[in-house]
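This is the structure I want to talk about, given as structure tokens.
We call the chains A, B, C and D, going by the order they appear; numbering starts again at 1 in every chain.
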Amino acid sequence: MSFVPTWERQTDMGFFLETLIGGLMSGILYSLVALGFVLIYKASGVFNFAQGAMVLFSALAMARLAEWIPHWFGFQNLVLANILAFIGALMIMVVVAWLIEKLVLGRLVNQEGITLLMATLGITYFLDGFGQLLFGAEIYKIDVGMPKEPIFLLEHMFQGGILVNQEDLAATVVAAALVAGLAMFFQYTVTGRALRAVADDHQAAQSIGIPLDRIWVIVWSVAGFVALVAGVIWGSKLGVQFSLSLIALKALPVVILGGLTSVPGAIIGGLLIGVGEKLSEVFIGPMLGGGIEIWFAYVLALFFLLIRPQGLFGEKIIDRV
Amino acid sequence: MKKPMNTFTMAATLAGLALSMSLSGAAAAAAADAKEQFFPVLSYRTGAYAPNGIPFANGYVDYLKYVNTKGGINGVKVTYEECETGYATDKGVECYERLKGKNATVFQSLSTGITFALTEKVPNDKIPLITAGYGRSESADGMVFKWNFPLTGTYWDAADVLIQHLGKKEGGLDKLAGKKVALVYHDSPFGKEPIPLLQERSKLNGFELILLPVAPPGVEQKSTWLQVRQSRPDYVLLWGWGVMNSTAIKEAVATGYPREKMYGVWWAGAEPDVKDVGDAAKGYNALALQHGAEPDAKIVKDILRDVHGKGQGTGAPEEVGQVLYMRGLSAAMLAVEGVKRAQERFGKGKVMTGEQARWGYENLALDQKKLDALGFAGVMRPISTSCADHRGAGWARVHTWSGKKWEFTSDWYEASEMIIKPMVKAAADKYAAEKKIERRSPQDCQS
Amino acid sequence: MSLGARSQGEVILDVRNISLSFGGVKALTDISFDIRNQEIRSIIGPNGAGKSSMLNCINGVYTPQQGSITFRGQTFAHMNPRRVAEMGVARTFQNLALFRGMNVIENLMAGRNLKMRSNLFQQALNIGFARREEVEHRRFVEGIIDFLEIQPYRKMAVGKLPYGLQKRVDLGRALAMEPQVLLLDEPMAGMNVEEKQDMCRFILDVNDQFGTTIVLIEHDMGVVMDISDRVVVLDYGKKIGDGTPDEVRENPDVIRAYLGTSN
Amino acid sequence: MFYRENGQFKTSYAADQQIFPVMQDRLAVLGLLVLAFVAVPALAPEYLFRAILIPFLILSLAALGLNVLVGYCGQISLGTGGLMAVGAYGAYNILVRIDGVPLIVALLMGGVFAALVGVLFGIPSLRIRGLYLAVATLAAQFFCDWSFLRIKWLTNYSSSGSVSVAGLNVFGWSVDTPAEKYLLCLLLVCLFALITKNLIRGHIGREWMAIRDMDVAAAVIGIRPVYAKLSAFAVSSFIIGVAGALWGFVFLGSWEPAAFNIDRSFQLLFMIIIGGLGSVMGSFFGAAFIVVLPILLDQGAVALGFDTAIASHLTLMIFGSLIVFFLIAEPHGLARLWAVGKEKLRLWPFPH
């Protein structure tokens, strides 16, 4: 018998908080994907549309390997299978990153942003096709043993309490940790500093002996890693399936809102968008017939841009003539 | 600026032409002399809806293969060609144009969008269009939609049956008064089809209808379920397709909405929708378009023996008998039976044109005896179409996910004519007016 | 040409107490100077002295925080580029700002945009008026092309031209506006001697033939001292000298700015 | 040898300013117009019309419109699909709400609506630039999609939200055979190609390009960015709107908002990038490439005996790689390749 909660009628405040928390939870996931964009844009000036495809690709790899590896090696330990699958998927993403640098970006240096954007769209097509060809197009399962049932918080404060889903909670923690970790990595590690140097000025970076191509491979690998984590989180929640690649569209308003070049921007932008779209859908949506959250996220970003054309944390542009 | 464009395209398109001709030319020629009945298959094995598209396509193709193992349609060999639409309308149109030239018998798109586009084209090409359990609800009116056949039921039937079932649960339709019913729907023509009927019903039975659209493909439903939690409906109707279904069930789990109170349309009640949710989906209900999962049906055993047994199987054998596989299977069966019926009039053992096949579909008379003979005992109920009624039957029942498999949990319902008929007529007339077409005359029905 | 006479001409552009800063950085502090009709007025100063910023204020590209600019008796707290152009002020740019995607003729024709009247529909259908107008302005532009001696490059994309010629096209685009005041931002930077001589010739001819007032930013002191009527000297955004070339040459602050405080 | 302009001296600027200054070009174009208007309708089979030529023409029209904005005015837009939808539904509403309105008028009105919406969503371009603008335009895309799904009035209260149009009729000429539909599209495409060409060689065109190449310099010579950008948005959206109306009326006949979803926007952006930014003929190249290639690949793969799933996966992969390949091989698009080829031909057989 499946679990049936006793939903008491909620106080408006309780429900508002619940929506807010829900927004923050999806928001942190958007931040995660957005980080992928920002990392790559900072280091190589590429607006990487393939981020979504990479999420799908890595998630597919993870899901399928988790199925196959026990077959190949004949053991039944779920945890071990998942760990091995994760490592395997990660290695695959590194290879992908390396190939992308070698075959595509390495040959497109100093092209205009739009050309690079298109190139990544080409990569998107390729990965979508290749991923489904390799791993299949059906719906697959990533079971990292996340708890599914909701729990109720603050029931003594608000009648009906605040419903929070444990899986989301876990996901949020992981995402938050990763986001923090990446921010650290950028700030304090040697590679991180190198990355920022590259981001600030390619020529200069090269002249002080930072090897661009290797940096790019690293960045794309990191982006691949981010994609993988995002893929695992969403995959275990929604099942791994083609539609995962659409997460990219969720991250776009985030990156422009936060500023293409800003790590904190990606984080804050993600939370803003997440909260904004949930609140809008739940509280404004019904008046407009619902389904407004997609365009609302973009319109929200648009209005921020009208105030700060370079995004919340992006660098200001001054015309020099 | 025509110069480059023309040289360029002519080259390219002529190449494309050459290819497509070389493919089709052969088939068409063959169909003419060697007695072959050609069935085009618009399928989607890729993209966001692949998980549901694949088993359907496999069932469809397997049945066509099976017919040949039984010596074809009264000796006429069945041929088919698949074309991948990816559930995209323009791709579907391209496939239609590519395949119709090969004496296509009948098209089934398994996509509301493509159905809408093809509905405009089939009358000129004189090819019937079967939309078993989907498409335009008003196309049940054969007097306006001469070439459309929403056999076995439309979305209005589905919605009506669901409400009847809820009424039964409550102990009488009158008990629905004051209850809240939320419709969580795929935000597209497919998802919006049932709304008019549900609104009609809510007026009639006095329940409150809450509409919650989900943007396709439906991976983002958090706010939808927040709203469910807020409005605390007594029942949730799920009008989804593809990944939207499993997502909805997962979100229901996440918000702790009882699965027992969820009822899906017959496109939201198959294995792909629940299998990766597993136990958590236990208790979730959905309509069955007559059949459900039928592992024990005679036809399934036959196919396993005669098609998969001979290594001819399209998909994995364990998928044979699953819900969407059966959906494809029965769709193919209807397509074939129409041709059989047409042969009774235009000559046994002859290849039927699309136009002749159309008569067959309009005069289907599948009684229980025939169905049993076909091995569909317990899978389907009798269907008999007519000039006025292109739907043939409005039967459906509810099945429930046990955590392992789908089990029937209700007996048969029939959609209530008194509500649906006038709605169909009105909608059909509106369409006819828009398209400036006349209702068919009685003598046209004889043709 | 007698220097004295022109320096006596009435003031057509008067810059008063202009101050401009980006964030905290002060680019210009309380700059004032005037420009007389038909004279050649040079602005000199070390790099980063704020010369280009000064022109940008006059053009209305930048908006100064303080000060005013008076043009032919009208005073503005801040200009907008369109209005400045309409009042007959044209401009060339320090590091080329040509329209690289267009050829020479198109660049010059673009300079005529203020003079062209045909509306979108007339152009879309390319009917009589639009077509006639196009031809008539083409004729004018061809005049400039001859004047600047760049006939062979008419149809070449400006991006492909050698640097010196690009500078000429830049000048040509400004001339296409039939300006009364011409702001030249380092027109001879990076040129060899012959090219500089040509450019000087063009500037002087423009000044003579069309009586165009010239405001010149240039590093080459020789050129500046040769052709200018009066010179303004900026350093670190402040005005440190103003007067005839001789006066400026004698000015101790100027000498310090250029030679450092060593002597 | 034969492609040479020696001896073709321009005696007037007007002669020098025509679209095809070289006589051989004029002849070739004439010939190809004859081919397109006479030979093709006579010879081509139905499949070619319905599945390739008609979509190709309509999408080249849309690409042309987008190229005005992106290629000539330098404002990247991802809202194209939405604007096509505005065109289609706008035209539809005119048709069903005003009795006996001529088809052409309805189509053009579709364009007008699209232009209005386009200008509205173009306003941010006055402040926002580059990729930021590109993403911001997605707001237009999603908002349009949503409104046609949600606002019943726009779909004339059809229960499902998808609409369809009656038999097409242009001033008594009823357009129903594929060939006729093809001709209708071809006519409009030629018309708009000509108009666009006129605009971009007129001074409005130069203003767009000036803004694209160096907006500060443009402002200094008196070009108003507001006017230049918004006029580009208007013209571009108008053409795109008409294309959208054709897509709905002529190609699909009955459609839902999903027919103009975001994929369409990307598809069109591909066309102009592959074909060549800032080139009218590039729009046609790009459209041809993007429309025909997947079909060829798909049919090819199927012909080689792959099952349809694998075939379309392969198609995706090859398609993606080809796009990347083209971007690497010739970032300025097929149009540039064409121009280079022509240059070579001009000098042939003498290398210099």
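Note that a residue touches a chain if its C-beta (ideal position, glycine included) is under 8 Å from a C-beta of that chain, and two chains touch if they have at least 3 such contacts.
These numbers come from a predicted model, not from an experiment.
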item: Minimum number of chain-to-chain contact steps, chain A to chain B; value: 1
item: Which of B-D and C-D has more C-beta contact pairs; value: B-D
item: Computed distance of Cα centres, chain D from chain C, in Å; value: 41
item: Where chain A and chain C are represented by their mean Cα positions, the distance between them in whole Å; value: 50
item: Between chain C and chain B, distance of the C-alpha-averaged centres to the nearest whole Å; value: 73
item: Chain centre separation in whole Å, for chain D relative to chain B (CA means); value: 35
item: Overlap residues in chain A, where contacts from two or more other chains coincide; value: 132, 137, 289-291, 294, 319, 321
item: Junction residues of chain B, two or more chains touched; value: 45-46, 50, 54, 187, 213
item: Chain D residues counted as touching two or more neighbouring chains; value: 149-150, 216-217, 220, 309, 312-313, 316
item: Residues of chain B defined as touching chain A within the complex; value: 45-48, 50-51, 54, 187, 211-215, 217-220, 222-224, 226-227, 229-230, 232, 242-243, 246-247, 250, 253-256, 258-260, 272, 276, 279-283
item: Chain C residues touching chain D - in the complex, by the definition given at the top; value: 59, 61, 81-82, 84-86, 90-91, 93, 97-102, 106, 109-114, 116, 118, 120, 123-126, 130-131, 134-135, 138-139, 142, 173-174, 177
item: Chain A residues within the chain B interface of the complex; value: 1-5, 7, 9-10, 15, 18-19, 22, 26, 132, 137-141, 148-150, 163, 165, 167-168, 234, 237-239, 241-244, 246, 250, 277-278, 281-282, 285-286, 289-291, 293-294
item: Residues of chain D that touch chain B when the two form their complex; value: 19, 25, 28-29, 32-33, 35-36, 40, 44-48, 50-53, 55-56, 60, 96, 149-150, 158-162, 164-167, 176, 190, 193, 197, 251-259, 263, 280-281, 284-285, 287-289, 292-293, 295-296, 298-300, 302-303, 307-309, 311-313, 316, 334-335, 338
item: Chain C-facing residues of chain D, complex; value: 12-14, 16-17, 195, 198-199, 202-207, 209-210, 212-214, 216-224, 231, 235, 278
